[in-house]
Structure formats: structure tokens, C-alpha cells
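Chains: A, B and C, in written order; residue numbering restarts at 1 for each.
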Amino acid sequence: MRGPHSPNCGRSGMAERAPSLFAEDRPAPERALIVDIEGFEGPLDLLLNLARTQKVDLRRLSILALAEQYLAFIEGIRAHRIELAADYLVMAAWLAYLKSRLLLPPDPAEEGPSSDEIAAHLAFQLERLEAMRQAAAALMARNRLGRDIFARGIPEAVESRRTLRWTAGLLDLMQGYARVRSRDAFRPYAFDRRDVCTMENALERMRAVLGTQIGWSRLEDFLPEEWRGDPRRRRSATAAHFAAALELTRQGRIGLRQSAPFAPIEIGPGAPR
Amino acid sequence: MTDPAEPDLFRVPDLHEQERMVEAILFASAEPLGATQIEARMPRGSDVPEALAALARRYEGRGVVLMRLGEAWAFRTAPDLGHLMQREVVETRKLSRAAIETLAIIAYHQPVTRAEIEEIRGVALSRGTLDQLLELDWIRLGRRRMSPGRPVTFVVTPAFLDHFGLASARDLPGLADLRAAGLLDNRPLPGLGGGAGDDEAAEDPAVADDQADLFDV
Amino acid sequence: MTDPAEPDLFRVPDLHEQERMVEAILFASAEPLGATQIEARMPRGSDVPEALAALARRYEGRGVVLMRLGEAWAFRTAPDLGHLMQREVVETRKLSRAAIETLAIIAYHQPVTRAEIEEIRGVALSRGTLDQLLELDWIRLGRRRMSPGRPVTFVVTPAFLDHFGLASARDLPGLADLRAAGLLDNRPLPGLGGGAGDDEAAEDPAVADDQADLFDV
């Protein structure tokens, strides 16, 4: 693995990575001067390898000796002018500090964990990493599906027979009805054709009647019988016929007259052209 | 291959072991296998037909049986358990908006013709909507309207009342209740006597009576 | 449901018959099935756990065995016969060392955050690693940790148990020894405070509960 390694013990790397869940996806930044030291996966991996050379139980590991081994290793690498990933250097600095503390008698005035506690924690981390590696190996050595054990080769599909059940509650019903009724109230205004007499209709009617009409008669007499009853229909027909009469007057086909404001409008012969 | 798990390849396993092997091979195979195909995977010297026969006997009467399909063999679910391979899925779905509204109009205006429903909803009714409600047994055909064309009317059924927990169609909340429940705005609406579609109804004394039955209790 | 093919739905079949049914249902499926899934397809009143136990006994030592995988059950070929199924072997992409270690850490420490995995391995985790494990459906996201940043946790899946033939996460090899040695503890670095990962976990009683949920049942 070659990534910007995080120092395991000096935790500064954690905060940096925090914003991104998958930080290592970024293109390798320039600051990551990576050297793959014999394939070690970061300083902890290297430490674990060095610890193994002590050939003792990890719990009885000499952290002091380990720190010295690590520092010597890093020195050796640097002597070859190989640039190391920052993680390795951070770990080196941290171990150098730990080593100095381990060599000095404990200072009772000093706050924080003792050097022994810190050393014990490092030993714990190494032991835990080792344990996880062994667990991983044990896991992978198990009989595995598709390699050692096998599932049914011709699984039989379960056929689903689907029955649809439609449901609606009383509230749905009420809301549905309310919706229909409200829609009436809010419906954008549109002509209800059934009760609307169009000017085209009126023109057609009046043209047909013109041939037989000689004297003056009231506009309302031109309204078709079926449009005279209902006031709404009557209003619509009156308006349409009035508009049609204006049009025919403009064409000189008929004449229009009204004796006084609001007096009946009369239609008669047009002024000859 | 020096895998210690495979010493069997070099001695002939006993019949019981051969049977186990055939069982595993047939189970894992993605297709029915013929005896020669099985033989090719078995230790040399195995008696595959014998092992197959023993295996078939062992599975007799079980939930799974060893079936011979032409020249090949495969495990299959016992024929009498085929129903277990079918799953009854009841899917509950909400009625469409069109169906709900149509149903509501029928419930509130019954008996009501198709033309009247369309008039009230302001859109044409798709054939499927009425069919669905008829199929659900929530509406049925009422008597024909005594008007030109003698159109059929629709009314709600006892199954409808049952589903919606109503003792009778009279129990349907009235417009005033809907308004009180905030389902309608407060504007006085063209009520049952006024709006479009009610005109025709008003011309039909029978309908007016029905309406009175339904709502004016 | 008056299907004449399903008369069994109306009487409880005897245990032998129930065993046959469970056998057929499990044999037909390549995926492990939970007891409730099986129950859903069995006649009402069946004792599925009892039938499963009887079935497991019947297949003991056979070429095909009934395996318990988490909450689910599946028929699988006996592990010692794997060599006969070379043709069925699905070549899987070789997992990187990082992926294998990460998988083990998730399995043994679950639910575990990304920061905790990195803490244990001492190295940043590449996106590809988790992606690969997620894609294999061997891990999935668990609930978020109730600690600052509410980091997501990772846990292993039923497919993981199936692949590695584990009856439950409690059956992970060496789990008890690791726990007894304190190697599954989230031990914070003494005194340094403010660290990532383990400190959070230690402050969070829910984490301890999670662990208990998974392993101490």
C-alpha cells in the first residue's frame, strides 16, 4: 500500500482525513514522497516486523529495543538518501521522544501518561495488529462457498402468484369528493358550451331569416325558441345576436335602431349601398 | 495436486462414499448430468450407476427426489410439493385518484349516469375506471334513467358500505361536514342543487327524490 | 383461497411431512433462507425449528449438508467433497492483503468505524478496499456511531457468514481467545486524550451494547 500514511501514534493524520470518508482516493499529493520500504504497510507494519526479530512474546517485547531498531532502520534508509513518507519520520520522531523518556527516571511532576504506559500501549497495538493478521489468515483458510462448498446448482425459482387488493378508506372517499367539488369552485373559467350561443350561430340564423324579414322587429324576436327560457341561455343568445346584428349592419345587410337608452333594439332593412 | 484433502482420488471409496460424492456433484451442478459425466468427476473405479440407484432409493418419498431426465439425472422438488414453490403474494394498492373520485361521485349522487359523472369530474371517464369499481363489487348498475337514451345509472353496493364501514349511504358525511373538516374551502359552493350536472338531475324528479333520501335526513 | 391443490393449508401436516416441505423449500433455493421466510411458505401451525433440526440430523454425514448461516439455513455440499466440484469453482478476484485484513477487523471488531480500522492497521484505508468488500456484499454500513461526526460503522453481512460457512459471527475462529486476551478492546492511548477512533468508542455505551448484541447472545 502506498498512500499518505497516517502516523499511528501521533494522531495528526486523523483530523486531516476526517472530511472525506474515502480520503485515499485523491490523486497522490506531492507531499507524499512515498518509498515502499520492502513493502511495509506503514510504520506500524514495519515496527511489527522489527518486533518479530526480537523473537519474544509480543507482550514481553522491549519497546526500548524496538525504538532503537526502528531509529536505526530509518537512519539506514536515509543514509541511502531515500526519501521516506512523512509517516515514517513522524513515527521516528515520536519513538525518539519515547526512547528518551524511557531512559530517564520518571519525573513525578510531569503530567499525562508515564512512558511505561505509552510503551505498553504501543506493545498492545502491535499485538492487536498481529492478532488481526492471524485472524484474517484463519478466516481465509476456512472452507469457502464457491471454492470448497457449493450451493444448489439448479435453484428452482419460486413462482409468485400475485393477487392485487385495492384499498381506499372513507377519508380517501371524502377527500376525493371534496376535491371534485373544490375543483368546480376553482376551475379556471371556461365556456360551458351547452349554455353559450356563439356569434357564428347567431349570424347563420339571422342570415337565413334576412331574406324573409322586411319590416322592423325586435332583436329578441330573433332569438331561437329554445334559448328564451333559461335566463343564462337567454343572456348568451341576446349578446350573440346583438353582436351578429352589428356585424350585419357593418356589412350594410340590415339596419339597427333604438328609440331611447335601454329601449328595445330593432332590426330592419339595411341602408342601400 | 498434493492436497491432503484428496487422497480418495487414488483408492476406490466404498459405495456409501460414492453415493455421497454423486449426491454432492448432482446437487452443485448447474445442469442435469449423465452417468458418464458424473463418472468423469469420480475416483477411478467408482460404480456410478450403482451409486445413482442407491441415491435414488435414499431420496424416495423425500421432499426432493432424484429424477432421471432422459440420459441425465438431477434433483427436483417432489411433485406433490410443487405448491410450496408458488408464493401467494397479496399486493395492496391504493385506488387511483380517478377511481376514488368516481366512486365518491357515485356514492354522493347515486343513482348517477356516466354522463353525469363526467360532467361533475369535468373529464371523460375511462372505461377501466368503472370496470374496476364494478369488479371490486363496490358499484353496480341501477335502474335506467327515464330520459332520452335511457342511460344506465350506477349505485353503490352493500360491499361498498361494508368496506367503508358505513351502515348506509346516508351515513356519508355531507358537504357541510366536509367543509367543517377543512376538506372543502369555506366558499359556499354550488351545492347539490346548483352545480353542473345537478341540472339534469333536477329535471328528473326521481333523482331528486333519491337525493333527498340520501342526504336530507 | 380455495385452491384444491393446497388442501394442506387447512390441516397441520405431521412432522415428517413438515420436514419434507422444509427440505423442498431449502433445496430449491441457492440462497440461505431464514426460519421466518420458510414459515411464510409452510402450512399454518408448522413447527419449522423442529423440522429444521430433524432435517439437519438426517443430512449429517451426507454429501449435502444443512448448514446454519446466521439466522438462515441452506443446503451446501459437504466441505470434504470440494475437490469433486472443481468445475463449479467460481474464480474470484484475489483479495489484497489490505482487503483481507480489513475484512477480518470488521468481522472481529464490528461495528467498527473507518478510523478504528485505520488505527488498528496503522495505515490509511484506500477507498477501493472498502468498496471491494461492499461490492462482494461481505460488509455493509451499520448504524452511525453516536460520537462527534457521527461516523458510519461497518459490519459483516449474512453473505459473509454464507461464504465462510459461519453459523454466526460468534463462531469466528479464535474469537473467544482474542476477546479474553483483550485484543478486541478499544483501548485508548492512556492520557493523550482527544485521539480519533478508540476514545470515541470508549465514551459510547452504545458500542458496548452493539458488541454484546453481536456476540454475547
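Methods note: contacts are C-beta pairs under 8 Å (C-beta built on N, C-alpha and C of every residue); 3 or more make two chains touch, one makes a residue touch a chain.
On a predicted model such as this, the values are computed, not experimentally measured, just so you know.
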When you take the mean of every protein CA atom shown, which chain's own CA mean is nearest to it? A
Decide which interface, A-C or A-B, involves more C-beta pairs in contact, and give its chain pair. A-C
Centroid from C-alpha atoms only, then distance chain A to chain C, rounded to Å. What do you get? 30
Shared-interface residues of chain C (touching two or more other chains) are 27-28, 41, 75, 77-78, 82, 85, 88
Residue ranges of chain A touching at least 2 other chains are 150-153, 156-158
Under the definition above, what is the set of chain A residues touching chain B in their complex? 150-154, 156-170, 172-185, 187, 192
Counting only contacts in the complex, chain A reaches chain C at residues 1, 3-6, 8-9, 11, 13-15, 17-18, 21-25, 41-45, 87, 112-113, 117-118, 121, 124-125, 127-129, 131-136, 138-140, 142-153, 155-158
Using the touch definition up top, name the residues of chain B that touch chain C in the complex. 1, 3, 5-6, 9, 19-25, 27-30, 41-42, 61-64, 75, 77-78, 81-85, 87-88
Provide the residue numbers of chain C that touch chain A in the complex, in ascending order. 27-31, 41, 67, 74-79, 82, 85, 88-90, 92, 95, 97-98, 100-101, 103-105, 107-108, 114-115, 118-128, 130-131, 149, 152, 162-166, 172-174, 178, 181-183, 187, 189-192, 194-197
